[in-house]
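Listed below are the structures to be examined.
In the two assemblies presented below, chain A is common to both, partnered first by chain B and then by chain C.
Up next, the complex of A and B:
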């Protein structure tokens, strides 16, 4: 009931916002959308398939580098944007085949190691531009139309997010979705009821990588610049914070979590750049926020904001 | 030949530092089942502390001990956050320690800034069978050897150490005979902080340390601990020494830029081999 009212309202607000926001606010809006896109994948992976990835930033980076390299090589931007999630998913399939034999903290460290290796390799190879990275990436465009302003990227980002959410919803409500929920609780039980555990885990891993790759593709056209420094380990941790805050295994939770964290960090940034604050204040505050929110949520609200709120709503309506 | 010996001895020293970080991981994991992501942080905190204390003119020895004590306290705090609440699953605790590590970034930048800092250690070098080796390297090897002997004595011969081992092998049975499992877990975290701090104090004179050095430290430490399946200290020591020697050799013979990849690749391979030898059921939480 509430969902039926809320979805159109959210859609209308989302579509109206780029028209009214100024450029700096639009930048936040775009980065928020991109973060939400990656977080939906993380939430799917952690909440449904029960796998922790500390290397989601790697796929974000792969998507960005793919789109950037292709476009700089003369391929139309649209093809670059399509290739970004495809290449990210393909590399997830390759990397995931050995890695997904691991679970729990082993998988967490292995995915972290994967991102560190990737960053180190990208910083050394010639064609990725080394530590300096790739610059002068052309604007995104289709045919003769070219995305000029930030508003166009905002629409592109949120269209991408809508697509990602739709795909996730369909996956969750399908038969494989039920299988995923089963294998998150016990792989042995799932396997003995005939679920191809390994294949399903791999597919979800690839899907979440594709989401991150798409976000990375849009990111590279928007900023026109990619470098290893754009994808630090902290970015992967940030996605986990967002997914945990919103509530693992909920699609809207990922969006709510990304929004909450982005706005919180932005608000504190505004505070930290006030005159009289030390120069390190913005970095310190954002680290502190990530850390405290993560610890607080895991300990005191482990199911996340969205499930906690909807449960409260349910219990209220039952009382009425 | 003498170059080889130099690399070997330097590699052993690097491996010893890794072993100290890894042994902290193992102690905490054995007792609580938690993989402590903030283990590298303890080393960083101790390293930064020692550079400040020596800068203030406090003599060697006192500064190092104080820094290790600070790291042990940091370990205790991390433990309170990670296992202080009942019903925190090990994976939730891992994420909490991740948060502790990031929180430490904020504190470290406020206190010490974001530039790498160093500290003076033992100056000079000795020549051993034609190989020059820094005295500090020898100190690292000596302290690590002593620490592992003390750890073995502590776990094997003292009542407290045996209680810790009891918690590790069967927490339920340990509770039945009256051991406070949670207090033992906190003690393990403090011990882990102490071991991490020791590593930090020893490493800081060799290579400058900054707030984000902890990622390299924890990844190397975890790689070593994985050799011993996160439970066996002696295998961990061997793994750490192998890793240190392999990295130093790679750097010495001109593959220095691939040092990190060597360590990480090795870790992933070892984990996958170990995982394939265990059944799925044995790894699932019951």
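Up next, the complex of A and C:
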């Protein structure tokens, strides 16, 4: 029901915005779309399949580095962009095999540790450019066409987001999706219905990593450089906050949550970079805001914005 | 159909199931009774693979299954209705029942994401089978409600529908009548009778001895993890060992 109203509205706004926004606003718009893409994966993983990951930023980074390294090595950007989600998903399959035996906060800490390890490895290795990272990544392009400005990346980002949302919706409303939702409640009962629980958890982890990897791939072409500092742990926490704010287990919630948090953080960044503020103010403020927003949501709107709003609308229409 | 030979399982050095052997013939309804903590649910978990046996063999349909994962045993044709309700939250009653078809269909992530013909074919089949199972347990009217808000009796029926959706060869029911009121209990008994008439093999744990006597061809009595009697209901009820086990519990 939300979908029927929201899809056309969002589609029109999405298509119109790149034409009217200036470059700095477009940067926010693109980063928002990329964050939403990762957050859809988080919502699928946490909200539907009941598995926690505090390391989605790692897959975002893996996607970005994959595309950057390939393209710098002379591979066409399109192939680099396709490889980004594939390599991220493959990495998830490898690390997920031991990690997904863990549950709840054990799994959360393990995925967090995975990202920390990956960041320090990327900071040490020569071929990833160490702490400085990789620079001079060519523009994205297909054949002779090259993405000229920010507007092209905005379209690319939002097309990617639409694809990710469509795949998620299709998966959720089908046999494998029901299996994921079932194992979120009871792995035992799911297994007795013939669901290979371990394999399904691995696949959904890989799918969410692929979404993050795709976003990372677009990111590297847009910014032209990647470095370990682009993928801090804070970014993984941010995706969780976005998913929770929008409403876990709703696809639109991921987009709404990403939008709400991005705009909020933008506003605060303006505040934190005012003259006289210390240099660490933006980071500290973001952490504080994430914490406050999370606590506020858990207390007042535990199911998130989208479920709360659609329920209010439903009860209103029932009253009339 | 099912042969359990010398199966044991202990928790922290205490046997929950000790050297249990039993076999269930095709089409038989076999009752399992025993005092609280006798090891009945543990035995079911060993048969379905949710617990690993320390010792012993389990064969199902002529094939060793004791090393198989639970979902593999389910796919061979075992369905269990657990003692505690395990209803999938955040899903409707219908969706819950549809999950029961998982083992009999195979459209995966790719077919679903791309909406391939296989996905559509499976969805049609799953929906039809779920509808049938819902009707069978009398849940059709509740089909589109959130499953976690059903009263306990309906949750039990829901699990039964999910189990039936898998078209099992062997159905394991762990105290299906507990918490049910008179008419619900009667309805359940009628359904079990109907399933038996249809040739389904059933293992039935139940405290209510009258309920078991009415439905079971044979009764196995467990006490302290061991089989203390095995035979027709009337014979078992008169067995001095059985009487002692129940009296011991009552005192």
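Keep this in mind: the second predicted complex is superposed on the first by the 303 of 320 C-alpha atoms of A that agree within 3 Å, B and C clash if a C-alpha of one lies under 4 Å from a C-alpha of the other, contacts with A are read in each partner's own complex, and residues count from 1 in each chain.
Definition applied: contacts are C-beta pairs under 8 Å (C-beta built on N, C-alpha and C of every residue); 3 or more make two chains touch, one makes a residue touch a chain.
All values derive from a computational prediction rather than experimental measurement.
In the superposition on chain A, contact of A:191 is made with both chain B and chain C. In the superposed model, A:178 lies in contact with chain C only, and not with chain B. Touched residues of chain A were counted for both chain B and chain C, and B has more of them.
By the touch criterion defined above, A:101 reaches chain B but does not reach chain C. Of the two partner chains, chain C is the only one touched by A:170; chain B is not. In the superposition on chain A, A:117 makes contact with chain B only, not with chain C.
Touch criterion not met for A:135: it reaches neither chain B nor chain C. Once chain A of one complex is fitted onto chain A of the other, the partner contacts of A:273 are absent, as it touches neither chain B nor chain C. In the superposition on chain A, A:24 makes contact with neither chain B nor chain C. With both structures placed on the common chain, the touch criterion links A:290 to chain B but leaves chain C unconnected. In the superposition on chain A, the residues of chain A touched by chain B in one structure and by chain C in the other are 186, 188, 191. Across the complex, chain A is touched by residues 35, 81, 85, 88, 90-92, 94-96, 98-103, 105-106, 109-110, 113-114, 215, 219, 222, 226, 257, 260-261, 264-265, 267-268, 271-272, 275-276, 280-281, 283-284 of chain B. Every residue of chain A that touches chain C in the complex is listed here, in rising order: 167, 170-171, 174-179, 181-182, 184-186, 188-197, 203, 207, 249.
Interface residues of chain C, counted against chain A in their complex, comprise 48-50, 69-71, 74-75, 78-80, 82, 86-91, 95-96, 98-105, 107-109, 111-115, 119, 122-123, 126, 162, 166.
Residues 52, 98-99, 101-106, 108-110, 112-114, 116-117, 120-121, 124, 186-188, 191, 233-234, 237, 240, 244, 280, 283-285, 287-288, 290-292, 294-295, 298-299, 302 of chain A are the ones that touch chain B when the two sit in their complex.
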